[in-house]
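To keep things simple, chains are lettered A, B, C and D as they appear, and every chain counts its residues starting from 1.
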Amino acid sequence: MKKLINEPGDVVSEALRGMAAAHPDRLRVDHENRIVYRKDGPRPGKVGLISGGGSGHEPMHGGFVGLGMLDAACAGEVFTSPVPDQMMAATRGVDAGAGVLHIVKNYTGDVMNFEMAAELAAADAGTEVLSVVTNDDVAVQDSLYTAGRRGVGVTVLLEKIVGAAAEEGRSLQEVADLATRVNDNGRSMGMALTSCTVPAAGKPTFELADNEMEVGIGIHGEPGRQRLPLAPASEIAAMLVDPVVGDLPYQQGDAVIAFVNGMGGTPLIELYLMYNEVAQLLDRAGITVARSLVGNYITSLEMAGCSVTLLKADDELVRLWDAPVNTPGLRWGV
Amino acid sequence: MKKLINEPGDVVSEALRGMAAAHPDRLRVDHENRIVYRKDGPRPGKVGLISGGGSGHEPMHGGFVGLGMLDAACAGEVFTSPVPDQMMAATRGVDAGAGVLHIVKNYTGDVMNFEMAAELAAADAGTEVLSVVTNDDVAVQDSLYTAGRRGVGVTVLLEKIVGAAAEEGRSLQEVADLATRVNDNGRSMGMALTSCTVPAAGKPTFELADNEMEVGIGIHGEPGRQRLPLAPASEIAAMLVDPVVGDLPYQQGDAVIAFVNGMGGTPLIELYLMYNEVAQLLDRAGITVARSLVGNYITSLEMAGCSVTLLKADDELVRLWDAPVNTPGLRWGV
Amino acid sequence: MEVGTFVSWLRDAASTMHDNASYLTGLDSAIGDADHGANMDRGFQAVVALLEESSFESVDELMKKAGMTLVSKVGGASGPLYGTFFLRFGTALAGVSPITAEAVGEAFRAGVGGILQRGKAELGDKTMYDAWAPALDAYDAAVADGSDLAGALTAAAEAAAKGRDATVPLVARKGRASYLGERSAGHQDPGATSTTLLLESAARTLA
Amino acid sequence: MEVGTFVSWLRDAASTMHDNASYLTGLDSAIGDADHGANMDRGFQAVVALLEESSFESVDELMKKAGMTLVSKVGGASGPLYGTFFLRFGTALAGVSPITAEAVGEAFRAGVGGILQRGKAELGDKTMYDAWAPALDAYDAAVADGSDLAGALTAAAEAAAKGRDATVPLVARKGRASYLGERSAGHQDPGATSTTLLLESAARTLA
């Protein structure tokens, strides 16, 4: 295992200390509870947005805390959902009287822990809590009979868009409905060139030969749906774009926010190259790119690979996407 | 070689196409000459800033083109300096009557090619050209008798700060003097956990065992000064910070911009963890962090590793650092 | 049965999870996200820390606090599931004295009910429930057959082990392994494995 | 000597660089940035493309254009250095007829002077100059001894090869290899190697 770390068990808490030190102007970190808060929150009357999940997906979620996005993020151990105590503390910490939305990625652990937290928070402080569960990963098949699809890239877009809506002063129900709408209009698919290594495990989660790739991976270093021979970027782009486009389906004339995401170990030069392929495929399908995002935003430790997310975007979603945001991970308009 | 690419020879041009597609609002790309231009430039009376270098360091330099930073960036082949024709075209393209500053990293190839371009541009169009050569890498020893120190992390900080000064309408000489001052006050040192693979070469530039690291590397996948046993992050941080601090030297009471940079394959969680170590070391040395930057900004393809850059910063430099910038790689205040 | 006996179970379970951490994580690498061993170990170490700090008057208090500790320290899927098991197990024993094999059986049933309610798994979904369900049945059957607590727990642990082994060929329908579809077949479920370890520990210590 | 002879040199050099691209890149991996072979190959392929597109009346025009093509297509350290060599080589032959061994010697000297002026390397810095300098001396000595062009070029190529081999133990003081300090010793300089290939090609084709 080659990582810039000290003890595997200290990775999350030390990285949080680094975040706090690097962004003293914008973030406040509760190290005891491993919660990243907006420094300038909570703003009275604004719906509080919290998310959280296992660590190892940086900048998500802590890097998306700030004006126009999240009010707080709970950091679990690497790839392990945070616990209800964290979510309850964060819920209390961001409640400014207008209720709190929990943004949860659809993993059994995340869902159960957030559920317990919401039950306890409601009983405990009387805070109104609604939840939205993201589940945009089309790689998961037969999802009706299983734990369902994973929440992946759409989570990033949703946190931005819903964050902007909350900033406008919308009600909890409105914010939650918008979140549902974003999730419903988004789809993703990912692939890996390499595995990643969970620090506590000390060795790669899976082994891939030099001429192999995994298609249909999530963001937890889990193997994908299929192991295939390594292919050129143009073919990989089609393997990701086609199932995404076909699933919603996105149609000729649709406008989308197109998001090419790196899994953590893939450099920007390759992501831009992939974006070139994706843009061409969308163009051929008659789908217009209203906005785009290219970079490492929802990662899987040092895994090499990428994912493609499309979000069907009407004028309102684009306007909310363009609204000011000031977080370590996404920033514009401020 | 596991990369998201098509033909190795097409990597640079396809990535540039992706950049152009992803940032149509801000960038204009001359694909023939491989030059990334600011869409809204040149602004009459503003000194033009151009830089360039081999590709494989993304987001540098193309990702630093935009308001408050570069006017144009020339992209060479992977790790190969661009050619004088590109620099001449870019110089002409950004010349708005106030002259052009060439920001050159100190590598024999970059220096010679920029030199030829400056000679030709002066003879050709009568454009006034000044150059600044960055050489902040303290890993290079005996630099008086050699090609000198490499230009690394300071280049990013310099492009930001000098870009802000050019935006204020300063003269070419003033902008060049500021650039020299930034370079003189900055120092860097880097290390690698893994090699990278130049696409055309098809295999890693060097091999490292699982328990080894290279200390004193540059940004071209070249081996470093020393191969050492893998060490905890705290020790690695000291190996990077101590020679940097000792070289200028940075002293108790100094304020710095502190920059922990990833080499491309190291995820943000590790960079924040490293920043935590660096911040502690600086704190112990009585050095104040005025501003910080943590992320993958000047990379070496998919190499895992990091570098530490310090820039001694007075109020003016901090003010210019804080000035608005709108590039794909760095953005705030707009 | 004394509080101390249940303390012994928790301590034995903790050292079992610690010793098997990389084994469990290895199983989770194949069809999950390589953290199950670390999760169980972290959780039970926190339970041990709890035992060092506090002393408990009653079994129900001990078990509930252990459950809350697991909920608060494990995270992931296994945290709420094991946490709920112990919470319900403890709650079922509140005010119960003496703690007979029947009483433990009631608590066992309540705990497994909690896992079912939280996780909504069905038999054959390739989860820890595939070990818990046959274990509970075997326990009940043994007690009905006149077995004492030790015997019933031994029967439960053996049934759990069979359930665990039976997860190998299954295609997962719950938890992370379900993302793998057909590729999940041929691998043993990590949670069913840790459940078996927990019940083997109970059979060793509760008597 | 005809333009065609020099065209043959460039074509032969191009196929030599192509065949040796991964060898040169391999050398550059050890003490540089793993691109020297790709750089030389890209540059000389562009020269071949130039030869396909245009025809040249005079050797000086051909050599200058080849030099400009290398400057425009290679980049890195080797682009300006080899480009300058051919530019100066061509310039020195402007209006010279017939092109004798002495005239080629003058052009050779001008080209190497250009490399020295651009790169500012000294003998023993572990650069291509360590091949060029002894090659030029050997050429001059051979011509002074009455050797013809072919003989002088053969002597030059042999001296370049010796100079190339002599770079192995050196600690680099110029170019990327200098960053390695002592670790650069024990490796053959890529540029000195490509220079030797270029001169061997000249010895094969210019006569």
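The rule is short, and it goes like this: a contact is a pair of C-beta atoms (placed from the backbone, for glycine too) under 8 Å apart; a residue touches a chain by one contact, two chains touch by 3 or more.
Owing to the predicted nature of the structure, the values given are computational and were not obtained by experimental measurement.
Peer 1: I need the chain pair with the most C-beta contacts, please.
Peer 2: Per chain pair, the contact count peaks at A-B.
Peer 1: Could you tell me the distance, in whole angstrom, between the mean C-alpha positions of chain A and chain D?
Peer 2: Centre-to-centre distance between chain A and chain D: 54 Å.
Peer 1: With chain centres defined as C-alpha means, what is the inter-centre distance between chain B and chain D in Å?
Peer 2: 32
Peer 1: Between chain C and chain D, what is the gap in Å from one C-alpha centre to the other?
Peer 2: So the centroids are 74 Å from each other.
Peer 1: Looking at which chains touch which, would you call it a line, ring, star, complete or other?
Peer 2: It is a line, because the chains touch in a row without closing up.
Peer 1: Write out the stretch or stretches of chain A touching chain B in their complex.
Peer 2: 1-7, 11-12, 14-19, 21-22, 55-56, 58-59, 63, 193-194, 210, 213, 230, 232-234, 236, 264-277, 279, 289, 292, 294, 296, 299, 301-302, 304-306, 331-334
Peer 1: Enumerate the contact residues on chain C facing chain A in the complex.
Peer 2: 22, 25-26, 29-35, 37-39, 42, 71-81, 118-119, 172-176, 178-181, 183
Peer 1: Going by the contact rule at the top, pick out the chain A residues touching chain C in the complex.
Peer 2: For this pair, the touching residues of chain A are 54, 76-85, 107-109, 112-113, 115-116, 139-142, 145-147, 150, 198, 200-201, 203, 205-206, 218, 220-225.
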